[in-house]
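Per-chain residue numbering starts at 1, and chain names A, B and C are given in the order in which the chains are listed.
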Amino acid sequence: MRARSAWAQGVAGLAGLCVLLELVPRSGLVSARYLPPISEILAALADKAGEASFWTALADTMRGWAIGLTVAVVAGVVLGVALGSIGPLRAATGSTIEFLRPIPSVALVPLAVLLFGTDLRSKLLLIVYAAFWQVLIQVLSGVQDVDPVARETARSYGLGAWAQVRHVTWPTTLPYLMTGVRLAATIALVLAITAELVIGSPGLGKEIAVAQSSGAVASMYALVVVTGLIGVAVNLLARVLERRALAWHTSVRGELPA
Amino acid sequence: MLDVRGIHKVYEGRGRTVEAIRELTFSVAGGELVCLVGPSGCGKTTLLKCVAGLLTPTAGEVRLQGQVVSAPPPGMAVVFQEYGRSLFPWMTVRGNLELPLKQKRLARDRRAELVAEALAAVGLHDVDGAYPWQLSGGMQQRVAIARAIAYEPQVLLMDEPFAAVDAQTRAELEDLLRTVWRRFGVTILFVTHDIDEAVYLGQRVLVLSSSPTVIMEDLPIDLPDERDQLTTRSAPRFAELRAHVYGLVQRAKQGGRAGETPAAQAQPAERIPGG
Amino acid sequence: MTAVGRLARRAALALGLPLAIIAVLWVASADSQSFYLPPLRTVLETFADVWLSARLIDDVLPSLLRLAVGYLAAVALGVAIGVPLGASRTVRGVVEPVLEFFRAIPPPVMVPILILIAGIGDIMKVLVIVFGCVWPVLLNTVEGVRAVDPVLDETARCYRIRGLARLRHLVLRGASPQIFTGMRQSLSIGIILMVISEMFASSNGLGFTIIQFQRSFAIPEMWSGIILLGLVGVLLSLAFRAVEGRVLAWYYSLRRSHRGEPTG
């Protein structure tokens, strides 16, 4: 009963938004040059969907996102588990991580342009750098959260380092990792679009920039809507993955402040 | 002072209705210490919340000095069982005590005076700069009581306040409560599931049945006013009263309603007409 | 180990790796002939020339000011919207899907939109920052307000703490740890957006200057700019933590006491 009413409320909210976005530009409150009515935006979207270039751009964006995210996750897990499990190493690298972490990924934009131009690799540089930290921090917290008693027990049963990781560290770390993946997935999308916007790598971001500079306002908004929908899809996917991976997991975990 | 008339409380859930309280009527005179006791789940807390104005009863009314209680009235203070969660963790003890007083728009000097007096009355002296979570459970509950006292209420409602502390601390707090009660002359309605505690503390004990709740018996406690843990609790009269209440509660658990004195027990007990 | 010994050990651990990395970079790049990777020494020398000059006032300051204005506006907006949202389940139900959509839009795409609406001046850059920073604060505020302890809420009710006092002493204070979590995320996003908005379209600012260096192949200068950006990120992060430490001191001590550690 409650779920259904929440659904109805949500739909009402979205419908209300659409109505607003249709009427406000038409009424002249906001110039239609700046914000076309939503009907026009959706029409432009339909047009775009018929163009091959749009799908190519979409594929470019998603390719960069997927590759960058994968690399970041793998690197984050490997380094996170390695650093987190070895006490002295963790202590020695702690300050370096805290120092590198707040460095904005956009600082690497000029470097990426110099090294790789508008190639896919410049996009990947940014994506991997930004997403990696999300995963690393979460995995480190996860490893740190491992119950020392469980670890001792494993050791006393003669489990080697690898077996310990598999049976003790991994299950504890998994929830944290899932959170990290979700955060990393969002950041990866943001950086992919950023690279395309600022560097001009092929992708949706570049299409948006082109639309803006050529005055195709409705198309620009249509593309923005697409990026929003992708963002929602990525978020949903990450949450579904999280729930599936942890369906059997009984541990209680909280999201680390990113 | 406090008039509870015909309280009836029904909870509407998803497709099922729960009648928590059927009919409760009783009065508390000014300055009395009355204990409410009954089996688990008998709606003691629900009743207390209705009296406090935190819940609206389905029918019936509560009157504080003749005025109907529809929202928390100014003359009432509540001490909750979960002392840890009822003190503001971001304020010091002093801050916690002062906040309700600031709401009452009291002057700074008066507030300081009330806070100092209340803390002294509960036996806490150097803690006003401390944060609640730096104190032990017993001390936190004392702070909660001090906050209630500093508020200068006419009626003090206490919802199983000592249930979550250890036995020794509970004994200390029980004695503290009686001391504070005698000193400030405040009217107290004390809810508990501990029969011994109810008999030890109260001037009257109201025994509640199980849900849907009615009053089984309104029992005056004719123990001497000067009570202490050792002598009072080993007095024969205490044992009799305690046994009587225990019997009632046992019967309540089995679904009994009005209190009937079995022939074997020779205690005259007042019965309220209507159960 | 003595107290001094312990302190020395901690300092060694904290500074050891960073200093080692810098030393290795210094030596490894000393003879670098690479155009793209000049010697570290050159970069550091350029740093002072480039940044400790009029540029500090002309470029760095405007950037930071825009960040400050946009960030604070975003926090105020996020909290102002988040509190009523957190309090009413119905309003939340209606508004949540809309918010989820807007929040999923990658903030950088707002740059072209806002250029359209607001030109390429300061207002556009501030608006970009506001748009990107408001979401973490808003969503975390909603969470924080929802999670206010019901016992505490009842206590406030029975002592007749209502209205503004309730907002101040119960709701905002209670939600503050969660709100600060959102503010921390917003700060990172704000820095990124500050730079992006300047790299994309601007006539002054930190991001603008760095991109100019890159376009004119002034490589050591470009690197010095990257280092400065990194420093800005780190310093702002430290400043944030200092503020958070003061405001949430009660919260950290509380958590430590729950874990059984000494609270000092």
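Just so we're on the same page, contacts are C-beta pairs under 8 Å (C-beta built on N, C-alpha and C of every residue); 3 or more make two chains touch, one makes a residue touch a chain.
Remember, it's a predicted structure, so these values are computed and weren't measured experimentally.
Using the touch definition from the top, list the chains contacting both subunit A and subunit B.
C
Between A-C and B-C, which chain pair shares more contacting C-beta pairs?
So, comparing the two chain pairs, more contacts are at A-C.
Which chain's mean C-alpha position is nearest the mean C-alpha position of the whole protein set?
The most central chain, going by mean C-alpha position, is C.
Would you mind checking which chain's C-alpha centre is most distant from the centre of subunit C?
B
How many angstrom lie between the CA centroids of subunit A and subunit B, rounded to a whole number?
Roughly 54 Å separates the two chain centres.
Using the average of all C-alpha atoms in each chain as its centre, how far is it in Å between subunit A and subunit C?
Inter-chain centre distance comes to 18 Å.
For subunit B and subunit C, let me know how many angstrom lie between their CA-based centres, rounded off.
Each chain reduced to its C-alpha mean, subunit B and subunit C end up 50 Å apart.
Where does subunit A touch two or more other chains at once, residue-wise?
Touching at least two other chains: none.
Across the complex, what residues on subunit B touch subunit C?
Residue positions touching the partner: 49, 52-54, 72, 74, 76-78, 80, 82, 85-91, 99-100, 102-103, 131, 133-134, 151.
Considering only the defined contacts, which subunit A positions touch subunit C in the complex?
Its residues touching subunit C are 5-6, 9-14, 16-17, 33-35, 91-96, 99, 101-111, 113-115, 189-190, 193-194, 197-198, 205, 208-209, 211-212, 217, 220-221, 223-224, 227-232, 234-235, 257-258.
In the complex, go through subunit C and note every residue touching subunit B.
149, 151-152, 154-155, 157-161, 165, 169-170, 173-174, 176, 250-251, 253-254, 257-258, 263
Given the complex with subunit A, which residues does subunit C contribute to the contact?
13-18, 21, 36, 90, 93-98, 100-109, 111-113, 115-117, 181, 184-185, 188, 191-192, 195-196, 199-200, 207, 210-211, 213-214, 219, 222, 225-226, 229-230, 233-234, 236-237
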